[in-house]
């Protein structure tokens, strides 16, 4: 397999045999984080990535949607978390209170997959509001299942496009806790999951430093420069000592992804 | 005790200005026909409760029916924002909208408490987030055995719950299946309830995954075929994903929205 | 993550002396075969948890397996007393039996809390009864919103939960239907779990009223045809009401009981 | 219809065309208390009485068993609360936590039907233990669903054979609260149902005095003397001013009852 030329931005497709977009790189990188086990899936990119993992290296991955479907095997990523196909293909369908209380809350679910409108250096996530709460610049959809997914899944993966507007020093509103204000906060709050282990963007991968809990850059996607990532980050970004380049998508990954999205995304 | 009546009569009997109204259906079985009837009847000052406000609440808010919204996720699933909801919150159009904001787990448990006759529910939730600072109805509670601190939310007991289901029999027993969400909890938590159904049948044949609500736990049942469109009723209709995407364009602009409502909701009669 | 293994191996792997063991099944689907295997393996010092102890716990208690019983109703349903249970409580035979006594609502909610990862459950229960004076695990709790006083019970999280179901597939996904009791809660609340089934099938066809437990939430599945006798497995066997009535005579006398156990349980091998 | 000769004791059948036992009188009297609405049914005599009501004057009566069956229509009274026929004939079958939490606890259910090993002057019920708790004379089955049935049903009917051993001044153990130690106790305890409205025995009917909450005799079954009831009561029994005689079982009631029980009880 030839290594593909890199994607240079989220919206620009690269050329060549294995050309791919930055969004495709991001989705493939996210899918790779999922091994067998269970995954609590939000809608959008997380759903695409989880379905991609199930169709490539993790066929036994159990997809759990907050609509109450356990072990759903949708033919294409659903537009909503309540699409009919999720129920029809699920091992079990339970009520919404049950999915949160019996399945998410006790920490049974391996990976929680979240998006973000803002994320800060301690991986706290905002999906509620940009600007002041009482006089918002942008009113966002709100919390949904995210606060408890972030609290209770054994670990969390965040997928988000990287820009200075999304990667901020301090989120305007903490919708979902990453590491709060640093080490020890999760324990103090009684959050049982280990929190965000990976933040996957269209530019690279960030992971929390085990000592400081601060997100540091561990991978650059092919063709992305460090300067570009720094410019897209609203805080003084630390780079991990062993910074690596992400493996580009394989032809098989790309084919599976495009089959899923019908070329979108 | 359920009586089967036409939709306009059911909404007329059950919904009054100023009521708290919960219309549930988690993506599936959203009671659009009933929501449109509320809009046609011109109710005002409602407290609308719903985990995922969706397009139906965008319409109710945009038409000025709501004074307050209790919710956990207010978006157009897979598409983007609810523009009428945003316009109300950001610009107070057509009227200011108070909000009480929760997480899904919080509202789901508040309905469970409501259905259970308890004043509150306990969950591992909200801790460390900014939600408790904005929603006074989220409070700490201490386990009397371990001393651990958890979170409490008060029960939701709406004046009226409205849900859509696939079928009812003539006595008013209701059957729904597929993704069943929090519909049972919403109906059992409410003082009064309305279930709209795709059809009324002679007998409710048992089905895998079906939830049955006995007639004596419901106030009114109304037939409303296609009553969940653009949401869907598994086994009867499919989700109109194109409409969800088209709504983004319709709702973005106030005038386009009003024109659409005028033509598609206000001019139409209730199904029966 | 469930592995399908023979019953003797499953019990051997999962149950250890001194463990807390919950065997549930509300009249229906009581895991007798597994209980008999525990007796054959001679486990001692168990804390047995069960809403309705039934004959299987009468047998475990009479054979000296239990140190402690957590329960809410210890009788032979429709027949009368559990004589081995009474003999243990009244006369400490064959060994003293500590009891922790609840109501059905209390234990059911304690399992719900256990399944939900919460340290306690809240209910309207026990108030004014003498149970809290005898069961320290029943405490008052105050609603942080209304100030109303309610009752809390601590979560039950057994070391092992054992239930019986109609079917499993080869991967260990389990399906049960009919009266499903607190089986799901018991399995989800437990650290380890065993589900015995009437049969293992290629595919779990959906059925009305069926509960499915996904394999990754279970430790072991064992085939145990007729494994709920004299209880029953709807669709497979019927309840042996005559045996429930005969048990009154068998269990009333210590020697008759021991002779019956010797002949009918100790001499028999586990189903497979 | 001829008025039958009276039953003279629980175990003695009377003779004649419409002869009936005292237990039959008790069961029929209990069944008559049930109108349409819903009834939370315990096993044994309550189950027989509730099923009898459904087959005679209250065909729409909704029977709810603690096993989770709502609207069960069993062909014969089940031996246990979990018999298969209950599930097969029910409108809905729910989990045991749900039946207690969503259906019983909020006060949705009209009548709770309870038995008793001991009952006292304030209609408190003991089904736990005779003698000291730690050194019992007789260890009984315990609480089951009764404490919450007694607390939460809109009203409670108790069926129990009357004797000085069962009708005691003070129960050895309060398993289920009637009126506690008198007026105001239920409200103080936050019990939402109105408590026992009727205690039906093989000798007559007792009801709580609205002012004192004490059980007073309101009906004698045919042929039963007041002296006999007093002798069977462990406290100084008050008789209601308008003491009446219970209507004896009709032929239709007896036929329906015997069809249900197969001649037993």
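We call the chains A, B, C and D, going by the order they appear; numbering starts again at 1 in every chain.
Definition applied: a contact is a pair of C-beta atoms (placed from the backbone, for glycine too) under 8 Å apart; a residue touches a chain by one contact, two chains touch by 3 or more.
Note that the structure is a prediction, hence the values are computed from the model and not measured.
Chains that touch both chain A and chain C are the following: B. When each chain is reduced to the average of its Cα atoms, D sits farthest from chain A.
Remark: among chain pairs C-D and B-D, C-D carries the greater number of C-beta contacts.
In this assembly, the C-alpha centroid of chain B lies 41 Å from the C-alpha centroid of chain D. Each chain gets a centre from the mean of its Cα atoms; for chain A and chain D, those two points are 59 Å apart. Distance between chain C and chain D, defined via averaged C-alpha coordinates, is recorded as 29 Å. Residue positions of chain C touching 2 or more other chains, listed in rising order: 112, 117-118, 123-124, 148, 150, 184-185, 209. Along chain A, residues 101, 105, 152, 192 each make contact with two or more other chains. The touch graph of the protein chains shown belongs to none of the named shapes.
Contacting chain pairs (ordered by label): A-B, A-C, B-C, B-D, C-D. By the touch criterion given at the top, residues 112, 115-118, 173, 184-185, 188, 211-214, 216-217 of chain B touch chain D in their complex. By the touch criterion given at the top, residues 43-44, 66-69, 78-84, 86-88, 93, 95-97, 100-101, 104-105, 128, 133, 136-148, 151-152, 173-177, 180, 185-186, 189-192 of chain A touch chain B in their complex. Residues 117-124, 137, 139-141, 143-146, 148, 150, 152, 154, 206-210 of chain C are the ones that touch chain B when the two sit in their complex. Residue ranges of chain C in contact with chain D, taken from their complex: 26-28, 51-52, 71-75, 77-79, 81-82, 85-86, 89-90, 101-105, 108-109, 111-112, 123-131, 134, 148-150, 178-182, 184-185, 209, 232, 234, 238-239, 241, 244. Residues 37-38, 62, 70-71, 91-92, 101-102, 105-108, 152, 192 of chain A are the ones that touch chain C when the two sit in their complex.
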